[in-house]
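The structures come next, written out as structure tokens.
First chain A sits with chain B, and in the next complex the same chain sits with chain C.
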Partner chain A sequence: MRQFRLFFRKEMLEMGRSYKWLWVPLVFLMLGVMQPIVTRFMPEILKSAGNMPKGMTITMEPPSGAEVMAQTLSQYNSVGLLILVLSLMTMISGERQSGVSQMIFSKPVSFVSYTAAKWMSMLSLITVSFVLGYAGAWYYTAQMIGPVDAAAAVKAGLFYLLWMWFAGSLTLLVSSLLNPAAGIAFVSLGAALLLSLMYGMIPEYLAWSPGALPQLAITFLQREGGDTGKAGALAISILCMAVFFAGAVSMVKYKKSKI
Partner chain B sequence: MSTDIPWNLIAPLIVIQLILAVVGLISLYKAASTRGPKWLWVIIILCGNLLGSVAYFVIGRKDAS
Partner chain C sequence: MTPLLQVDGLTKRFKERTVVKGISFSVAEGSCAALLGPNGAGKTTTISMLAGLLQPTEGSIQLRVGGKPVLDRRPYIGYLPQMPVFYPWMSGKEFLNYAGELAGLTTREAALKTGEWLEAVGLGADGQRKIGGYSGGMKQRLGLAQALIHRPKLLILDEPVSALDPAGRKDVLSLLQRIRRETTVLFSTHVLHDAEEICDEILMIKAGEIALQGNLEHIRREYSEPVIRMEVGGEKASQDWLASVGNKAFVLQAEIAGTRAELTVADVEQASHELMEDAVAHHVIFRKFESGQSTLEDLFMKVVQA
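Here is the complex of A and B:
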């Protein structure tokens, strides 16, 4: 436990020094805030940017608050996920390559507490960033578009947060497996996108898959969701996170013995 | 063009943007070396607004070790 706390403090310090604690939350906040603003001014933007023929008018149904929140979430699913993976990709592989981990493991330290500290610091970075961005999106939506059903928004946010945790755990696992940063980003982003894409194609068969989480969150916002497999998707995602963590621990151990 | 822009709502975006750019530039100034020439990163941070600073933090920064 003492080791864990020590490592955790080290990870936090490192994330601060590499400005991750600054830019990741800020980018998430910006992503969240941008969507309501762009939606609100879409008619004006089209009017000034498009070269539309004279006399043509576009009538757009003003979207509801819940819809804009759902759009924000799908924005997070593309750009947000990319930012997340890019900021976390070198967490384990970077130390392995720079030789820091060799230095650490020359002492009798527990692999579990080493990996757990990385995992926990990753989760806290994700949580802070996402909650900040989501709260910003909510505030702006309420200010500019219209009220959002609080219960649905909170539920959707929690589901989405779990999806981000899942993606983060996946990235950490891949980071323990591979060395090149680009490869890590490609594999973990590809796997996460593939999961959510496959759910989109055959939702009946993959209702339990972690890839269902973002879609479930969006459905919560759009209407009272009567979707099946919510509990299944939750349980499987948490299970997957545990498996990924165990995998990362054993990979850290395995790669250490090869040095 | 008589749309009144609610600056009080848009201002935070500009502030975030400024913070990211300024911190990126400070970090760039302090860094001993970066991936790629420094002057190029200055241009990228200043011109490519949100993505520019993010790209610098992700790709340009070499972790001091």
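Here is the complex of A and C:
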């Protein structure tokens, strides 16, 4: 437990000194706030673009607050995920690559504490960044577009947060398996996108897949039917995270250094 | 004396390549042993297995503390890798403190020891600076401090001075001189001179096998042979004469290159008399004539090239 605290403190310090605690939450906040603002001013933006034929009018159904929130979440699924993977990809492999791990692991340290500290700091970074961004999106949506149903927004946010946690856990697992940073980013991002794409194509077969989480979050907001398999997807995702963690612990133990 | 470290039949295979081939040795408590060998002999692999970073394919490594073998060696060893890498964003003091706490010191002990060791390795003034700005020698010294902060029974160092400039090398060697009075030290090197300077035991390994091991003094006595080293002038008479000395009866082995020769002989006195007389008869001009004993360096070269 003491070692976990030591490792965790070190991870936090590292994220602070490398400004991850600054730029990741900022990017998430920006992504969240942009959607309602852009939606609100879309007619003005189109007008000032000025290259529309004379006499043409576009009538846009003003979207509801819930719809804007749903669009924000899809933003997170592309750019947000990318930022996430990029900021986490070398968390485990970096120390092995540089050689610091040789010094750390020749000391009587627990591999579980070491990996758990990485996990906890990853979860904290994701949670803080996402909550900040989502809250920003919610606030601006409520101000500029219209009210959002609180219960639905919270539920959607929680489901989406779980999806981000899942993607973060996947990245750390891949980071414990591979060494090259580009490979880690490619594999984790690819796997996460594939999971959510596959669900989009054949939802009936993959109702319990973690890839269903982002879509489920959006359906909460849009109040559409067909949101089956919520509990299943929830359970499977948490199970996957536990398995990823166990896998990373044993990989860290097995591949202590690159020699 | 009971051995502190006992290694039996240690083997490491990477796929089909066997890097360490069943080596056995022991290190007595309080001694200083050097693992000596050319590049690629398997030194780093052996050291990594001893430090617990690599799993041996076969064989056993036993560390005895208080007469009993321990299950987990890590609390009792201090390890310094070949190229110590730190977190560049940490200061030297922070890293040492972190290493101490990871090794099991309490927060207070760690803070106390950090101060002591920073002074001991001469980084007292640089403790607050980020490690990213340290020189190679400073990193090596910080590495030594982190390996020693928890008072290990056995200090394992992988090529501690190979990458340093002469000044840094002297710093680290004199530090090691001091440390070895309190701790058992095992270190690897490909420079014989470093081993001679601080060690009393040597283990020469070559291509993953032990070629020679034992007490340094003992080896020096046992393997030293009488040697005559000569250098003659550049003119033809001298050179021709030098080229022919290898055929003399008292010469056991001759290495002749240009104007220099090194002869291993049976009896130095007899050999030098005869050589001198012969040289005078042939009007040879000497630049240098030296009789003595073969050094460990010669032995090392012989073992390495054999």
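Just so it is clear, the second predicted complex is superposed on the first by the 252 of 259 C-alpha atoms of A that agree within 3 Å, B and C clash if a C-alpha of one lies under 4 Å from a C-alpha of the other, contacts with A are read in each partner's own complex, and residues count from 1 in each chain.
We take it that a contact is a pair of C-beta atoms (placed from the backbone, for glycine too) under 8 Å apart; a residue touches a chain by one contact, two chains touch by 3 or more.
The model shown is predicted, which means the values in this text are computed figures rather than measured ones.
Participant: Return first, second, both or neither, reflecting whether A:Gly183 touches chain B, chain C, both chains, or no partner chain.
Facilitator: Neither partner.
Participant: Once the structures are superposed on A, label A:Gly94 by its partner contacts, choosing first (chain B), second (chain C), both or neither.
Facilitator: A:Gly94 contacts chain B only, not chain C.
Participant: Under the stated touch criterion, which partner chain does A:Gly146 make contact with: chain B (first), chain C (second), both, or neither?
Facilitator: In the superposed model, A:Gly146 contacts neither chain B nor chain C.
Participant: Contacts for A:Met30 in the overlay, against chain B (first) and chain C (second): which applies, first, second, both or neither?
Facilitator: Only chain B is touched by A:Met30; chain C is not.
Participant: In the superposed arrangement, does A:Ser48 touch chain B (first), chain C (second), both or neither?
Facilitator: In the superposed model, A:Ser48 contacts chain B only, not chain C.
Participant: Kindly classify A:Pro203 by the partners it touches after superposition: chain B alone (first), chain C alone (second), both, or neither?
Facilitator: Neither partner.
Participant: According to the stated criteria, A:Ser18 is in contact with first (chain B), second (chain C), both, or neither; which is it?
Facilitator: both
Participant: Going by the contact rule set out at the top, does A:Val109 touch chain B (first), chain C (second), both, or neither?
Facilitator: Second partner only.
Participant: After superposition on the shared chain, which partner residues are touched by A:Gln3: those of chain B (first), chain C (second), both, or neither?
Facilitator: Second partner only.
Participant: Chain A residues touched by both chain B and chain C?
Facilitator: The overlap between the chain B and chain C interfaces on chain A comprises residues 17-18, 98-100.
Participant: Within their complex, state which residues of chain A touch chain C.
Facilitator: Residues in contact with chain C: 2-3, 6, 10, 13-14, 17-18, 98-100, 102-109, 256-257, 259.
Participant: Inside the complex, what are the residues of chain C that reach chain A?
Facilitator: 44-45, 48, 51-54, 72, 74-75, 77, 79-81, 83-87, 89-90, 98-99, 101-104, 143, 146, 150
Participant: Looking at the complex, which residues from chain A come into contact with chain B?
Facilitator: Touch residues, chain A against chain B: 17-20, 22-23, 26-27, 29-30, 33-34, 37, 41, 44, 48, 83, 86-87, 90, 94, 98-100, 140, 143-144.
Participant: Spell out the part of chain B that touches chain A in their complex, as residue ranges.
Facilitator: 1, 3, 6, 9-10, 12-13, 16-17, 19-20, 23, 27, 50, 53-54, 57-58, 61, 63-65
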